[in-house]
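There are two complexes below, and they share subunit A, which is joined by subunit B in the first and by subunit C in the second.
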Partner chain A sequence: MSRELTHALIGFFGVIAVLGGVFLAAYGGDSLDAVIVLTNRASLLLIGSNSFDSVGGGFLANIGISLASMVVATVLGVSLGGATTAPNPMVRNTAILVVNLMRNSPWLVVLYAMLYLIPFRLSIFGTEYWVSPAAKAVVGLSVPVTAYMSEVFRAGIQSVPDGQWESARALGYRRGAILRRIILPQALPQMIPNIMTTYAMLFIGTSLVVVTGTKDVLSVAKTVIASDGDDYATAVYLFVLLLFFIYCYPIATASRAIEQKIRKAGLHG
Partner chain B sequence: MAEPIPPIVQLTDVRKAFGSVEVLKGISMEVDAGNVVCIIGPSGSGKSTVLRCINGLVSINSGSIRVDTHQVETLRTEKMLVPLRHDVSMVFQQYNLFPHKTVLENVLMAPIQVLKRNPDEVRSLAESLLAKVQLADRGDAYPGQLSGGQQQRVAIVRALAMEPKVMLFDEVTAALDPEMVKEVLGVIRDLANEGMTCILVTHEMRFAEEIADRVYFTDGGIIVEHAPPKQLFHNPEDPRLRAFLDKVL
Partner chain C sequence: MFGFDFSWLGDPLYQSWFMKGLATTLLLSVVAGILSILIGIVGAAILHFRTPFLAPFTVILIDLFRNTPPLVQLFFFYFMLSDVGFSFTDPLTGASMPVFSGFTCVVLSLCTFNGAIAIEIIRSGISSVPSQTVEGARSLGYTRRQVFLTMELPLALRMTVPLMTNNIVSIIKTSAQASLVAVTDITYYATQAMLETFLNIEVMMVLWLIYVAIATIVSLGARAISRAVRIPGYGLVS
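Here is the complex of A and B:
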């Protein structure tokens, strides 16, 4: 087993052991009762329903919202990031302004704003759509993450030496084709660790969507505490913390490993 | 008497400034088809910028540049520049091969993707060109697996695969180890002997003297002196050229 993997595993089980220790310290002799409460409520917290047959939200909603936001942010961020490197100063400066505006918006403020900006009912071509809180959450989270993705993308483009642009232009390629065929294939491997880190950050940010009224894991946790009693609040929140950790830790570890691999390849190549 | 054939490349009073720094202060130059012209001069004298103006990589502020039938300063968009880039190929100091593509892909991609040439024809052309520079067996290698001299020969082949009328060489041996300089210069010499019009920016004075039909000496953004190599190297008139040659020869 490689040293990196050993370290990663020690970190993984170490954090879980610490959470377990806090749990035991908090509940002492009542630990078993708390475990029983968590076991009974596990399906509710994980998938937002009392049995594992149907899905209504919970931690799965956080995963879904994070994936949807990531897709939206990637598509918009790639276009915006491309615009921030455009030769036309009008396009470039507008894009930089938009990126800075989006990047410096506090996540929670944007989510609250979406709650009131986006109506509950949306009429498109005569058809009425009900805008779910989850959809608002996706829009709200996409705003700052689009800005981060555009920065990741811009940095990736700029990591490719200018000579590549020059020789591609000398061969008759135009800007779009140069980006697609020559720059991006070289930039993407460099971008992967940053994309993964951004996603891990976005995922942690999904804990904020509770303010939109989405049935995410935190809103389910609040419901559980309200019905089972404040005594178990610590246990429930430790459980939620554990879920986030188990999901994000491998992503963060993998992104660091890939980054080191790229750095090594860069040194030898 | 027959009408004289106009030069294939003609620069007339070309001026270019980057911001407030004027790099070219009125450059005029003529290159006849099939000739080899070398541009020499101290660093920062605008030699490389002249080459980049000829193939439209750098737009000029005033003056005119004609290459064959292309009036370069009127080509305002990348799309309008494509026919010019077909006729004028360039080789760079840092090779600038695409590292994520194999040698063969590097050579094939622009003729197929930009010029829309028949892939089979381009492939056989590429293979014969690679054979000519002794790299026939390295088609599947990636640039990172080749030596600097090999990479530069691939870059020359990539430029030739566009089937240009004019080749521009921008200090193509400056980044190479001495033993690799020879192999690259050999390829250029062969090209010149075959009648390819070549414009070289170079610090290889002996090579320039041997190969050039005419040598231009630039300093401070102007052409100080130009003449056939024998005269320019052995009977320099301008004191700046004399001082420069004293330093480099």
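Here is the complex of A and C:
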């Protein structure tokens, strides 16, 4: 077993042990009762329904929202990142301004803003659509993440040496073709760890969608606490912390490992 | 203008709300910012000297706090510590105040999340101090502690100003979640103003602009600091 993997496993089980220790310290003799409450409510917290046969939200909603925002943010971020490297100064400066505006805005405020900016009903070609809170959450989370993705994309493009651009231009490639066929294939591997870090950050940010009224894990947790009593608040929040940790930690650790591998390859190659 | 109504901005009540909220937000950010840098220095020192027992514990805490949402941490602290219920007597009013108020819990959750990141930042700075510098100092008779305090730490702090700035800006942005535990920061007052005026979009736009302005001012200030303390030949010029 490699050293990194050992370290990662120690971190993983160490954190679970710490959370377990806090749980025991908080509940003492009543730990068993709290465990029973948690096992009864586990399906509600995980998939948002009382039994495991249907899906209604919970932690799964967080995962779904994060994946959807990631797709939106990647598509928009790539175009915006491309614009920040555009040769036209007008386009470039506007794009840089937009990125900075989006990056410097608090996620919570953006989510609140989207809650009111996006109408409840949307009519497209005469058909009425009801805009669900989850859709608003996806749009709200995509705003800051688009800015981060465009930065990742720009840094990736800039990590490719200028000589590649110049020789491709000398061979008669157009700008779009150079980006697509020469720069991107080289830049993509460099971008993977940063994309993963951004996704982990986005996933941590999905905890904020509780303000939009989605059935995410935190709002389910609040419902559970309201119905089972404040005594179990600590246990429920420890469980939610554990869920987030189990999902984010492998992503963060893997992205760091890949980054180190790339750096080593860069030093030797 | 575009059918927006900004006349409420002239109302002294809303102005005083926004000023009060702004003061709380800035106080939160300053306290949490200073504490997170201190946590970063102490944590990096513990990891650097491989302090027995403390070092593995610090690594585990970093893993825990970096990979969980600060909002869940905040709710957790808020519920767990309010049960503990220490209180102190306010010397000015004589009233009994809970130690773990909403404000303390917000500072705590900002410190744990961004403090963990600060430790990593300072650690990366220490590891980028050239080994020749450290070896040179050691051969001149400096102890490991002296090398750390007089060379590695100051150099690391100087080299990591841009990363630390991102962390501080992140604290300012994350402090908006204070409104969710009824701490009267600027987001809290903005939601109150929305409830009264029903001008949701306008209030949100003003709030958004205020946050962007604070973040931009901090970034610009930090860029000036970064230029002033830059070590020639190290790091990127920004």
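One rule holds for everything that comes next: the second predicted complex is superposed on the first by the 269 of 269 C-alpha atoms of A that agree within 3 Å, B and C clash if a C-alpha of one lies under 4 Å from a C-alpha of the other, contacts with A are read in each partner's own complex, and residues count from 1 in each chain.
The rule is simple: a contact is a pair of C-beta atoms (placed from the backbone, for glycine too) under 8 Å apart; a residue touches a chain by one contact, two chains touch by 3 or more.
Keep in mind the model is a prediction, meaning the values are calculated, not measured.
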Q: For A:V15, decide between first (touching subunit B), second (touching subunit C), both and neither.
A: second
(Q) I'd like to know which partner A:Y237 touches here: subunit B for first, subunit C for second, both or neither. (A) second
Q.
With both complexes superposed on chain A, which partner does A:V211 reach: first (subunit B), second (subunit C), both or neither?
A. second
Q: Please indicate which partner A:V71 is in contact with in the superposed arrangement: first for subunit B, second for subunit C, both, or neither.
A: neither
Q: Could you tell me if A:L5 is touching subunit B, subunit C, both of them or neither one (first, second, both, neither)?
A: neither
Q: See if subunit A has more residues touched by subunit B or by subunit C, and give me that chain.
A: C
Q. In the superposed arrangement, does A:R169 touch subunit B (first), subunit C (second), both or neither?
A. first
(Q) Let me test your reading of the model: by the given contact rule, A:L122 touches which partner, first (subunit B), second (subunit C), both or neither? (A) neither
Q | Set intersection of subunit A contacts, subunit C complex versus subunit B complex | A | none
Q. Which of the residues in subunit A come into contact with subunit C in the complex?
A. 10-12, 14-15, 17-19, 26, 100-101, 104-110, 112-113, 116-117, 200, 204-208, 210-211, 218, 221, 225, 230, 233-234, 237-238, 240-241, 244-245, 248-249, 252
Q | subunit C residues touching subunit A - in the complex, by the definition given at the top | A | 56, 59-61, 63-64, 66-73, 75-76, 79-80, 83, 169, 172-174, 176-177, 179-180, 187, 191, 194, 200-201, 204-205, 207-208, 211-212, 215-216, 219
Q. What does subunit B use to touch subunit A in their complex?
A. 55, 57, 78-79, 81-82, 85-86, 89-90, 92, 94, 96-100, 109-110, 113-115, 144, 155, 158-159, 162
Q: Name, in rising order, each residue of subunit A that touches subunit B in their complex.
A: 161, 163-164, 166-175, 177, 181-182, 185-186, 269
